[in-house]
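In order of appearance the chains are A, B, C, D, E and F, and numbering begins at 1 in each one.
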Amino acid sequence: MNGLLEDGLGLMVLGMGFVFLFLVVLIFATGYMSRLLNHFFPDVPVGPKKSPTAPAVSDSLAVTPQMAAVITAAVHQHRNKNS
Amino acid sequence: MENKLLNLYHDTGIYQLELGQFVMICVGLLLVYLAIKKGFEPLLLLPIGIGAVLVNIPGAGFMAAPVYDATGHMTSPGGLQYYIYHGGIETGLFPLMIFMGVGAMTDFGPMLANPKTLLLGAAAQFGIFATVIGAVVLGASGLMDFTLADAAAIGIIGGADGPTAIFVASRLAPDLLGAIAVAAYSYMALVPLIQPPIMRALTSKEERSIKMVQLRPVTKKEKIIFPIVVVILVAMFLPSAAPLLGMFCFGNLMRECGVVDRLSDTAQNALINIVTIFLGLGVGSKLSSEDFLNLETLGILGLGLVAFSIGTAAGILMAKLMNRFSSESINPLIGAAGVSAVPMAARVANKVGLEANKQNFLLMHAMGPNVAGVIGSAVAAGVMLSYVGG
Amino acid sequence: MENKLLNLYHDTGIYQLELGQFVMICVGLLLVYLAIKKGFEPLLLLPIGIGAVLVNIPGAGFMAAPVYDATGHMTSPGGLQYYIYHGGIETGLFPLMIFMGVGAMTDFGPMLANPKTLLLGAAAQFGIFATVIGAVVLGASGLMDFTLADAAAIGIIGGADGPTAIFVASRLAPDLLGAIAVAAYSYMALVPLIQPPIMRALTSKEERSIKMVQLRPVTKKEKIIFPIVVVILVAMFLPSAAPLLGMFCFGNLMRECGVVDRLSDTAQNALINIVTIFLGLGVGSKLSSEDFLNLETLGILGLGLVAFSIGTAAGILMAKLMNRFSSESINPLIGAAGVSAVPMAARVANKVGLEANKQNFLLMHAMGPNVAGVIGSAVAAGVMLSYVGG
Amino acid sequence: MNGLLEDGLGLMVLGMGFVFLFLVVLIFATGYMSRLLNHFFPDVPVGPKKSPTAPAVSDSLAVTPQMAAVITAAVHQHRNKNS
Amino acid sequence: MENKLLNLYHDTGIYQLELGQFVMICVGLLLVYLAIKKGFEPLLLLPIGIGAVLVNIPGAGFMAAPVYDATGHMTSPGGLQYYIYHGGIETGLFPLMIFMGVGAMTDFGPMLANPKTLLLGAAAQFGIFATVIGAVVLGASGLMDFTLADAAAIGIIGGADGPTAIFVASRLAPDLLGAIAVAAYSYMALVPLIQPPIMRALTSKEERSIKMVQLRPVTKKEKIIFPIVVVILVAMFLPSAAPLLGMFCFGNLMRECGVVDRLSDTAQNALINIVTIFLGLGVGSKLSSEDFLNLETLGILGLGLVAFSIGTAAGILMAKLMNRFSSESINPLIGAAGVSAVPMAARVANKVGLEANKQNFLLMHAMGPNVAGVIGSAVAAGVMLSYVGG
Amino acid sequence: MNGLLEDGLGLMVLGMGFVFLFLVVLIFATGYMSRLLNHFFPDVPVGPKKSPTAPAVSDSLAVTPQMAAVITAAVHQHRNKNS
């Protein structure tokens, strides 16, 4: 029965140690990542993420050829007019 | 004919119902009541409650195993909950899918703006391990029949994270799964009642009034790279946490990368909803009278409450410590959000902060430790799986 | 090379096709035609029809069982419909999930406003049991090869409820599943043709013109508690109906409780749609020539029509009886809606009522017996499973 | 073969009996439930249920912290203005 | 205690990681990078990349098989990717469901308006079979270890159709599945780079400037009947292509028939998204170092590029031939769209056409051979399965 | 090893042959189908198919009885007014 208690204490020490170790490493990794990214790829910050109930962006297959043709033609006409 | 009539009578619940089943049906209805009337995590507790009712109907066979003849032909199909439990919970598939969906719903922005708050998410996991000791003491003293694996599974209630608790319990202590899941979700729902007294007891009004500086904006690139960094660190340091954190980060990457919005949308809507319904029914199937109506359940409920309280306290104390050594001031209340229970704990921190100072908006600051707590308890889960299982 | 060419020729459908398969492909195409052109329950009959076509393509292996070597390694994968049928229909999972979705789509309001209409839903189940007798007579006379289990499964067609019929047939008479499902859905689609002559024959114009008093409003609380009451009664009196009615009430509770709208929404959209596609393909897999092209199928189609007709008549006669003894007048037409076939039968009652009296709107009144019929046939299914299986 | 016929008749009698029994019990239970509820918790009746294709109510997690912060701040400002 | 600490260290990735696993994690991250940053088929390559990372984390057990004791009780659950791979990919279920969804997304209108373009979809499949010869030569020369089945599976990359490639590879060469899927999706993403030089090399500016006559409008009836015609022809001539084309046509029929819009909508949204997530994780599970880090993978990547190029060229040359003999003029560029890679190849044809003549809109004309290429490669897949497997 | 090469060539010849055969048959079948349909059922051509992200048409069950009753009554009133 003492073995159980000892095991439990071992788990606590190891566990809390590991949780802290991991998250401290993560703090440094995250900070380093942020500095690296913002140094090499300065970027505009993003606003709030759109809500998950927003409609999914339809993928490429979902554009029917007719729609695409119409769009292409419209863009083309517009360019011709303005040139 | 009279024979058949007698059979039909012998098939009725009135004839077959045992006291334990009756009590468990009442427990299931209580969970349904708490879910609907009190708003206790209804997305989970409603299906769990109904699952508990169904599995305890005598003769309904919801957990019946299928029967095959010698040639492998099925002679009697299994029950619905049998297939759900063994297909989705025993295998760990459902908690992992939920975790992927939760990842797709999580915004790491506030945490990335202030990575130090990860420490708060670490400290709050002390609730988990203190509870393990509690369970071990109960087991060693002979009061209750807890092994080390049981103790670890019970401790994870303090992680305040449903899918993590279910995943760990399904691997370490399947018999306690029902009680552990019920305790985890119930206490998560009770966070607005459990935490404020502890928060007020451990902080002065001045501390609760501390204003924190506006968080810096976080770029899209940081949000995209972060889940990948987490996966790599997990792969390096704690592979046993990789199933949980891998799926969580996969979901988060789908959310943030911006090129698979239709997958992200499905992960956080249709898929997580479908899995939630079945997860609930499957967890409910473990609320049988043999597994639930015993002293151990009382122990689990008690220890779970202790776990939440200690986790809350540890988070607050760590925040006070950090406030002393940090250049920027830190409101200790946000430490309580480190237990996770996203986003309830962060809201509680915000509310208690507003009581002390009507201009003090802590919500965004509390979201950092809040999501850090999810990572923290997944790490703790990994340590336990490695330590106990290995 | 010539050998391979010959092999390829031997693999073609032209070489392999048997007459029975050809006929069954035509039956499948007929179902597709009825679904698309005639609007016969297209959500089910289209997938069933395509499933029937696919399973009868010789050499395509849609129902092929997987082959494993001695070490458990798969040497040849199974066909799509093999996995669907054995995973979702033989186990009963798909009909139960559909029933949950239907529960989430059902409004018990009109029935709660006038609970007496439950009697109409009970009376209409006479179609089921009269058909059982018909099938038993055919079997006992040696004309057709029906056992008691077959007769019970055939009778359930009269329940006018697709998932119930599939669930019962998968348990009592899997070989007849295809014919039973096709008959059930076809006759449900034909309700507007089958019922009106019977309704006109059994009622006078005065009876059809009877106006009914406006239904009282029903509170949210009643709607929430009702599915729980049903589950408890089922648990007490008829556990063998618990799988069907438990899932039905679970779906309805998700709909009405108001706190899990995202689960309810998924249950009645994404989830039920996914399951419907696979259920249809799986049912179609039972439309093989051996199972379908025989005298028994003719018997099933004939008996199914009888079942619908008797159920309709029984509902109307019960309504006439109730009208005689009730203080409030009851239009006998709404009795016909007791066969379920939601909401088609209620619409037919409304339409025939309007023909007799242009001011007579029966739709809401007919919805009561209509949803009561769903409960009634699930109860009948439970009795059959208990009586025949036990 | 006579046994089959007998069994069928038994099933019919038992079946119809049970269906009626169950639904009659349900009538009383439902009526009793309604009376009880309307007596102890008098409530306003509800209108027609919204169509199932309506968007799911997003759960708590779906509220991004930014949104919540904005809402909180706005409510707070509003209160201050009016006090 | 020191023992446990040592265990924990032995469990870490740092201790266990082998070079091959490290390289494969990098390959997975490269795929994620290409998906997010370069937009390479992100819906598939993101999950595949993450799947490759996860499966190569040492000790994480994503591909661990479940362990059962003698009584059939599970003593250790399997890994997530184990269940996904064996449940959905080895069985062929996931590619078939994807194909159903793609069918529900496909508009056959442009092809029906000009059925001759089916010839272009046939010609472009020459890439498949030329690649088979290439792989066979590599195998026969002893340079690489390719069997005929391997060669056939590699050739299908030239079909430029992901689910078809995965379906064929899972049946003929499961060990090469990872490399084949990665090659197929990568080259599909690279179509805008691979095809234009070939198109310019094989056509003159005059040919590229050819305008095509406006397509005739296509009726709803034609669109409904067409998938049924395809299924019947497949049943007659090539049953081994029936799983792929049957599900494809089923999806298309749901789309066009107009009476099961809710099923069609689910097939092309929730269902295909869910399956895509799992398909990607499952394919990624085959990116283990043993299976991927060898000479054969280089051969597959090289041959895949050859396949795409030859297919493109064959399509163009066939279009030039048809232009010579046809009454209506045909722009040879649309022949390149015959490789499928819907709709990317059609867009490329349109773009190259616009470069030659700013008034020349080929998109609609290129959609005909584009969707014809899907049918063509499914037919080629059927021949391979019949020839190699039979 | 020569057997492998031969098998590969066989697969190529058979495969391309079969692909062409099948698609040529399909050309004729499609053309025949179109002519038949347009001869026996002359029909108006359809416009571009609606995008797949459009909301699903709710099936018959989704119409709540209240809604249906309201619609029926409204239609009826309308007819009465106009007659």
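By our rule, a contact is a pair of C-beta atoms (placed from the backbone, for glycine too) under 8 Å apart; a residue touches a chain by one contact, two chains touch by 3 or more.
The chain list, named the UniProt way, goes like this: B, C, E = Oxaloacetate decarboxylase beta chain.
Since the structure is predicted, the reported quantities are computational estimates derived from the model, not experimental observations.
Looking at A-E and A-B side by side, the one with more C-beta contacts is A-B. Annotation: the subunit B:subunit E pair of sequence copies touches via predominantly different residues, less than half of the used numbers being shared.
Chain centres were defined as the mean of their Cα atoms; on that basis the chain farthest from subunit B turns out to be F.
Taking the CA centroid of subunit C as reference, the farthest chain centroid is that of A. A repeat of the B-D interface exists among C-F, E-F or A-B; more than half of the contact pairs are identical by residue number at C-F.
For this pair, subunit B with subunit C, the centres built from the Cα atoms lie 39 Å apart. We define each chain's centre as the mean of its Cα atoms; on that basis subunit C and subunit D are separated by 23 Å. Counting partner chains per residue, subunit D has residues 10, 14, 18, 49, 52-53, 55-56, 58-59, 62-64, 66 touching two or more of them. Contact with two or more other chains is made by residues 4, 8, 43, 105, 107, 109, 237-238, 262, 265-266, 268-270, 273, 383, 387 of subunit C. The touching residues of subunit E, when paired with subunit F in their complex, are 104-105, 107, 112, 115-116, 118-119, 121-122, 125-126, 128-130, 132-133, 135-137, 139-140, 142, 147-148, 151-152, 217-223, 225-226, 229-230, 233, 237-238, 255-256, 261-262, 264-266, 268-269, 372, 375-376, 379-380, 383-384, 387-388. For subunit A in complex with subunit B, the touching residues are 1-2, 4-5, 7-12, 14-16, 18-27, 29-31, 33-34, 37-38, 41, 43-46, 49, 52-59. On subunit B, the positions that touch subunit D within their shared complex are 1, 4-5, 8, 43, 102, 105-107, 109-110, 268-269, 273, 342-344, 346-347, 350, 354, 358-359, 361, 363-364, 367. Listing the residues of subunit E that touch subunit C in their complex gives 86, 90-93, 96, 100, 170-171, 224, 228, 231-232, 234-240, 242-243, 246-247, 250, 253-254, 257-260, 262-263, 265-267, 270-271, 383, 386-387, 390. Against subunit B, the residues of subunit E that register as touching in their complex are 4, 7-8, 11-14, 16-17, 25, 29, 32, 35-36, 39, 42-43, 46-47, 50, 53-54, 57-62, 66, 74, 77-80, 83, 269-270, 273-274, 276-277, 281.
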